[in-house]
Each structure stands twice: as C-alpha cells, then as structure tokens.
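Notes for the one structure printed next.
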Amino acid sequence: MQETLSIFVKGIFSENMIFAYFLGMCSYLAVSKTVKTAVGLGAAVIFVLGITVPINYLLENYVLKEGALAWLGEGYADINLSFLSFIMFIAVIASMVQLVEMLVEKFAPALYGALGIFLPLIAVNCAILGGALFMQDRQYTSIGDATAFGIGSGIGWFLAIVAIAAIREKIKYSHVPAPLRGLGITFIITGLMGMAFMSFMGIEY
Amino acid sequence: MSEVAEKVKAPAEPLFSKKNRKLVSDPLSDNNPITIQVLGICSALAITVQVEQAVVMSAAVFFVLALGNVVISLLRNLIPGRIRIIVQLVVVASLVIIVNQVLMAFLPDVSAKLSVFVGLIITNCIIMGRFEAFAMGNKPWPSFMDAVGNATGYAIILIIVAVVRELLGSGSLYGIPILGSPIPVEGYPNGTGLFDMGYMNNNLMVLPPMALIVVGIIIWIQRSRNKNLIESH
Amino acid sequence: MTQLNINKVKFLEKQLKKLEPTFAKGGKLEKLHYVYDALATFAFTPATTTSRGAHIRDGVDLKRTMFIVVLALIPALIFGMFNTGHWHFVAESGNWNLPYWDNVLDKFIYGAIKVLPMIVVSYGVGLGVEFIFCNIKGHPIHEGFLVSGMLIPLVMPVEVPLWMVAVATAFAVLIGKEVFGGTGMNIVNIALTARAFLFFAYPTKMSGDTVWMGGQEADGFSGATFLGDAQSLLSDSPAVNGVDGIMAKYSFMDSFMGMIPGSIGETSALACLIGAVLLIATGVGSLRIMLSFVIGGLAFGALFNAIGVNDYMNVPAYMHLVVGGFAFGAVFMATDPVTAAQTAHGKIWYGFFGGGIAILIRVLNPAYPEGVMLSILFMNIMAPLIDHYVIQANINRRLKRLKVA
Amino acid sequence: MKVNKDNTGYIFLFTFLLIGVVAVILSILATSLAPQISKNNETKKQMDLLQSIGIESTRANAKELFQKYIGSNPSYVINNRGEVVEGNAFEIDIRTQHRDKSISEDAKKYPLFIANKDGQTLYIVPVVGKGLWGPIWGYVSLKDDKRTIYGVSYDHLGETPGLGAEIKQKFFTDRYLAETVADENLNYMPIKIVKDGSGAQPQKVDGITGGTITSKGVEEMVNRTMEIYLNYLKTI
C-alpha cells in the first residue's frame, strides 16, 4: 500500500511528466493561455491516463511480455510479442479515447461539454503514450500500482498546465521582449517551474 | 478533356527545382518545426543531454519521417478518409518499431540511454503533422523533400541544444573531453584542464529545466534576427 | 524620508545638471542616457511630473521602498560578517566551543574581507547586465536590483567561489527578470533564482561540510550546519548522537542569536526579526505573509513531531524556525511584493504552504538539506494560480449575493 | 477505375491488407533480430562481470574474455540460507529477484560466479539496491580468501550526474579494493561509507561528496548481499 502511494505521489511531483520528461509539451504549450481551458485539458488527461495505463498494463502482462501468454497453455509460454508493444499501446489509446468520447457524450453530456473538444487532442498527446511506455519500462508489479501511476502522473500534468496558464495570464501585463513573446517566454517559465518542482525530487515517500 | 489536360500540363519539374529546394530550406529556420511550429518538443528535450543521443534520435526521426512521408504519399489515393488517422498511426508505429529493433540490435548502448523516447517518436507531432499536412496531398518526391527539410530542421535544434548542454554540463562533446577531465588524478585533486583551475561542470545543464531555457534562448535569438516571426502575444 | 535629504548636496546636483545635456537626445553619450537617469534619480527626486492617466498619490516610491529593505538587511549583514569570522577561527583552531565574543574586531574584519567582495561582485555583475540590457532595449533602469544585489550574497555559503556568484547573478538577472521585462514583472524571486541555480549547478559548493566556514584549514574538521547534521539522522549512522546530540550541539538560544554556521546572512533569527520590525513598521513587508509562513512551518513541524517515524521528524518544531534560512526566507524572500500572492486571502495560503513545504522538504527529502529557498520558489510559481482562484471565489460570492438580493 | 473509398467493404479490405503487410514485415524483422538483441544483453552482462575482476572489455572481445576467465568455471545458485539450489546462474535477473514482491525471501535466488585469473580463484557476487532516483546494481568480486574485495563494478539507472552517478567511476570503485567483508573465520563484518575523510581505515570507504544517498545505497546493498553469500562461502 505504501509503495502504491509512493508511486502516486512521485507521479505528481518528482517524476512529473512535464518537468522531468517533457511529455505532452505540444498541447501543454498550445492550450495554456487561459486557466479555464487548461483545467479542461488537464482533467481530460487525468481521465484518459487513469484508464489507458491499467488497460495497457493488462495487455503487457497477459499478451505481450515474454511468457505472458502462458495462461493459454504450455506451448505459448515461449512467445515474446514485446516488439509489438508500441503499435498495441497506441491502438489501445486511440480506441479508448474514441470510446470514452462516445460514452461521455451519451451518458454525461455536461462533462462532454467541458472535456469533449479536448479528447481528440489527447490521442496524440505524448504524455498518454509515455505513461504506457514508462509503465512497461518500470515493470510495476500490480495493476493497482499501474493505476496509481496513471492517475498520479495525470494529476502532475494537470498541475503543471494549470499553473502555467495562471502565470501566462499574469504576464500578459509584463513587457516581455518582443522576440520572446508567446513561445519563448513559455519555455523559459517552464524551465523555471521545473527548477521549483525539483525541490520534490528525492523525497522518500 | 484528357487531351486538354495533357496540353496544359506543365513540363516535368526538375528534381531539385526551386520549389523543391524551398521545401527543404524553409523548415531549417523560418518554419522550423520546433521553434516556430511548436511540434515534436516532447521527445526532443529529454535526450539532449549528450550529442551522441541527439544525433541518433535525429537519425531515427529522419528515417521514420522520410519513409513514412513517402509511404503515405504513395498510398494517399487509397487511404479511406474516415480511418486515415489510424492508418497514419499504424505506419508511424510500425516504422518506429523497426527503428527500435534495429537500435537494440546494433547500437545497444545508445538504445539503453534513449529508453522510452524512441517509442515516443510515434507521438512526435512533427511526423503526424507532416503526414496530415503534406504527404496526404502531394506526390512522393516532394513529400520526401518535405521530410528531409523538417527532419533536418528538427535535428539542427536538437544538436545545438545538445552541444550547449554537453559542453557546459559534462565538459565534453560527443563523449570526447573538451575542457579537461573532472575526475581527480594523481597531483590534480580537482581534475585536469580547466577543472584544475577551479572550473566546475554545471550540473543544472544536465537536468531537465535547463533544456527548456536553452530552447527559449534559441527562440529569442532566432526571432530577434527575423522580426517576422514575432508573435503578437 | 528625511535621512535622504542629507544626500542633497548642492554641488553634486549642479554637477549632474551640467552633465545632463551630454546624455540628452542628440548629446554625445545619448546611448548611456538610461545609466545617467538611474544615477541621477537615485540621488535626487526627479523634477518631472506625470502628465496623464490615473495615479495614486503616495509618498513611498520604488526607490524608497528598496532603500528600506536594504536598511532592514543591515543587521543580518553585520552579524553575518562577524559570524563568518568566528567560524573561520573555530575551523582554524579546531575547537568547536571557541569563546564567541572574544576578538570581536578580528572576527568582524576577517568576515568583512570575505563577504564584501561577494557583495561587490553581485552588484557589479547584476547592475552591469541590467545596464547593458536597458540600453539595448531602450527602457529605463529600475532600482529593483538594489535589494536583489544585497540578498544574493547573504544567502550564499561563505566559501562559494566569486566566479560562481557572478555566473549565478548573471543567470538570475537575465532569465529570472529581464526576459519578463524587468523590475516588477518577474514571477520568481531573483535572489532565490540565483541561489537555486547555484544549488543545482554546483551542489558540492552549496552544501556539505566544507563550505560554511571561511578558509577551513584544520584537517578532518567537520563544519556541518544544523541542517547538515540533522540530515544525517535520516541515515542509520548519524554524525552526532541523535536528536539530543544535535540539540546539545546547537542550543535554541545560540540558533536564535545566529551563533551557528550557515549561509552568510541567514543564521541569525534575531537580526531577521529586527529587519522584520522595520519592514512591518514602514508597511513595506507583509505581516500577513510572515505570520502565515511561520504558522505553516510550526504546523508542519508539529505534524511531523506527531508522526515521528524517523529521527529527523523528532526535531522540535520551534527549532525549525531558528535554524537554516527559515527566518531569513520568511522575512525577506517570501514577502517580495512582486512574486508573492497579491490577494489578501492568497497571501495567507501562500505563506502557510511556503512555510509548511519548507519543513516538508527538510524532513523528508534527503537530497536537499535546506528546504526554505526551494519551497518559496515553488510557491512563487503557484502564487498566480492561488490568486486566480481567490479572485474567482470572490466573483462567485458576489454573484451569489447579487442573486439573493 | 474509381473506387469508393468510404465504402465499408473497402475500408475493411484496406485495413485487412494493411495489417497483413505490417504484421509480416514486423514479424520477419523481429524474428531475425531477436538473437542479436538477446546476444547484446548477454554481452553487457559479461562485460560487467569482467569489469568486477578488473578486466576491461569491449563488445567485440567480451565473449572470448568471459569464456577465458569466468565461463569455464562452474557457477552456482544459492538461497538466502546459503544452500545450493537448482538454476542457471547466468540467466537469473537479480533486479527482478530484488524488486518482485511476489517472490518470498526464502525463494529468492542468488547467483554466484567463479572466475579464475592469474591462477587465483575469485568469487563474483551480484549486488542490487536502491539509489536516490532508482535502482543501482553491480558485481563485487572476492579474492580466494573469500573475504577480501578484489574488484567492484557498479551501475545505475538515473542517479544525478556528477554526484550519485559517480559510483560508476573508477575513482570510487577503487576505494573498495582490499576492504574486507568478514573476519578470518568468515564472520560478516559490514563496510561503512563515511563522509569525514577517514575512508583509509579498514572497514571504511569514503562516500561521494554531495551524493550521500547513493553512497548509502551502495553501502546497504553490498552489506546486505555479502551477509547472505557468506553463509554459503563458509561452507566451501
């Protein structure tokens, strides 16, 4: 339990998707002009990461990994399909996003109003595929850990994009040198934020 | 109808016509995928700690983008519109798997350092972006030129960032010590070269935040030289 | 403000007036106009008046504010110099219990020789970058750096090489401030940026046992700080004998007075307190932030006392307030009006979590002994978000009131 | 010929063909490269093992050197009580053994390699533990008195460059040379990492300045592992 909690907290702070691995930067830069949209996109990322990481975990451990097919019978124990993992993960993500979009639209129209336009953006958000790949790389030992990691890093991503959106709203009134306006200053702010987030790196949870 | 079309058809374009050359030269600076189009940053920054990794990453992206652009362009009249995103994803993912397998087989040490970032080429927005914006509507050769240009533009930024970070962060370039060695040897308790004079490696350069700040400064310099690129906000 | 009138030497004013045409438009040194302007207005109130727009009339302008902060830093600076000298002699003699108030003048002179060059470098590099920048960009020079330039050396260990001070100052002024458009526009505190830069870039020069005492010579003499020693409680082989051992080595009173090793200006909670009184009395520093910062620190400290899983958690909460940079951070860093939260409610949250996270990092993060600077940096980042939600909550409340009415 | 590209039948046909082609290409590639990839992993392990007995190797000559010094000797798998159990020492992944909580302490397997260099028998013990950011691991080789360290090689996943990451460097691994992990009767004695510069004394090793946590991790992993292996080394 303690380990699961530690994975969760690490995902938010010390192994933050944005500040430690730069994942999901494209949408992070594009959709962080106002806090309101940032909250929408951030929530969508938490949602999708929380769903796709555990599904990909099952896929990895019961289909792709070396020996993962052993449950089918003795003869399948030697099969190693891990070279297919990229294509399987991205397929799961793309179809899950589609499915979630349809379900949300049907059963929770209010939520769809808030998240709807962001969901298609998410299929190509590096943070989602990154979540699956880190899950594979770090070999979490249970589906609970994998879920905790998914949701934790989703929240970390959320925190990052909402914080920068607030800062960008604030610096609208600053005299940023013209060549730095927009993209340049956002990069530099993110760098400074990264330094601040590093204070959590190394905490033993 | 067809006769008329035959007549109006322009003479075959030379392979390196002005238009084709522009496809290559544009993304190098004025329309650089990273600093202007804001694509493909995700995987770009984490691996720029050393020049070697940046070079291998650039080569991998070049391979995936060039081949992918050509394949998509060849298939462009066959791909059903409704599933084109999925088809594009499948093409990228397959090419990336090939790259990953080849790296694991022939460059195992670099492959270990790049870890998950090879896989993340799949969601590198440059690639999907070029497929969708260019290869779906153009012939294979221009698509290839477009890929060359964009991949090179990506590589340039990656390598500049990596040079700055490796030189200041580790005192070396491509793994070769430039500023001396920080490892103490007999008679030199602080290391050799510049390190003997009290210089120290800047560890922050090796850490993630500095990559962002370096890119920010590159954008600053680039846009100061070309005022057309300045954003209104 | 009367003390400034002493500066009003007629001669100086005349000289400046004489020089003015040289810097005016079309003059020989037109390019350096902003440098002239900065120096002239530093000495004298400008003769120009505002011509349009809405203005709030207030006797306090930016320059005077900065002057008060620098004044408030003086006790910490003076004591810091003396303390640096003391620990130098401790290291030289190898005797931890060297009488504190002996040879006061010698100690002070030694400390001054160590500290003054750092101040000179910090001001020289910082103002240099600023002057160059202002001339390229053509905007007037602000006085903001007067405070930052003093804060930077005060938060450094005494043994940090001067070139590192220079690099850090240049980085902080350029990336922390100029890219945002100069004074008043930055989102992170300049001095903290400098310190964080050095901390991550050259960790061996910013922590550990060998950097706190000037010119350490005695071999094998460990010059750890309270935090450094406390950190070793996290491992199974503490350098001193448990919490009691540390408390015996650094008593509460010594720590409060500042008679312990540490960064130049931050050891004395008393000196910070004197500064705080001045800041609050003149209305320059926010009492709200200082108080909530201290309360946050105490609350988290008490919480960890209650949990008490490892030895470090048992360090008494009140002790956290007087060691390391806690007091200095609460008084001079967290209250920076530009980077702190702007709303009244926001300031309370900002201070509380600033103080709390500082203790959290100290106690839980074995990689970073000092948490205060990093926690304030983190809260600088979060401040705009806090403000955003405080304002949103206000708007919502008023909307509700409107509906009820 | 004009094809209706939005026809469902066409979409299915296209998808089917695409998947077929992709599957064939990828399978051929994967099967043809698989032996090379597993050979690479094997080579890396051989190089690490060789490094711990003080032999620098390259990918090209690792196999040959490994065969010469280590491969020709027997290797063992033991459990935490020091008894020999079934298994192939080279194929055991100590990192999985260390972190997988589904394996009980008693069922964990510990590989032991024996090397022969310059007529001396060396015992190579794999170690694995936790650094500041992630796992650290390595190999420690003991001289034929089974208690004096002959050489070590450490590696890590993501320790801070310039600080914790220095455990890989020769200047740090050299500090372990000639330290002892047990007394004459092979009773376990821990090696302490110290930071006050007194590392020259027996049973003490200087840590890395600023890399305290990683240094402590190395201390913990070496001591914990050696205590287990000494159970077995006593019996031979």
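The chains carry the letters A, B, C and D, assigned in the order they are written, with residues numbered from 1 in each.
FYI, a residue touches a chain if its C-beta (ideal position, glycine included) is under 8 Å from a C-beta of that chain, and two chains touch if they have at least 3 such contacts.
Since the model is a prediction, treat every value here as computed from it, not as a measurement.
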A correct list of chains touching both subunit C and subunit D reads A, B
Chain nearest the overall Cα centroid: A
What chain is the most remote from subunit D, judged by the mean position of CA atoms in each chain? C
Two chains joined by the most C-beta pairs in contact, as defined above: A-B
Using mean C-alpha positions as chain centres, tell me how far subunit B is from subunit D in Å, no decimals. 34
From the mean C-alpha coordinate of subunit A to that of subunit B, what's the distance rounded to whole Å? 22
Rounded to a whole Å, what is the gap between the Cα centroids of subunit A and subunit C? 36
Note: subunit C sits from subunit B at a C-alpha centroid distance in Å of 41
Got the subunit D residues that touch at least 2 other chains? 22, 26, 29-30, 132, 160, 162-163, 213
For subunit C, what residues touch not just one other chain but two or more? 175, 179, 197, 200, 203-204, 366-367
Set of subunit A residues in contact with two or more other chains: 83-84, 87, 177, 180, 184-185, 188, 191-193, 195, 198, 201-202
Taking touching chains as linked, do they make an open path (line), a single closed cycle (ring), a hub with spokes (star), an all-linked set (complete), or other? complete
Would you tell me which residues of subunit D are touching subunit C in their complex? 132, 160, 162-163, 192, 195-198, 209-210, 212-213, 216
Of all residues in subunit B, which touch subunit A in the complex? 35, 38-46, 85-86, 89-90, 93-94, 96-97, 100-101, 115-116, 119-120, 122-125, 128, 204, 207-213, 215-217, 219-224, 227, 229-233
Touching residues on subunit D, where the partner in the complex is subunit A: 22, 26, 29-30, 34, 96, 99-102, 132-133, 213
Subunit B residues touching subunit C - in the complex, by the definition given at the top: 198, 200, 202-205, 207, 213, 216, 220
Contact footprint of subunit B on subunit A as seen in their complex: 19-26, 29-30, 83-87, 90-91, 94, 123-130, 133-134, 136-137, 172, 177-188, 190-195, 198
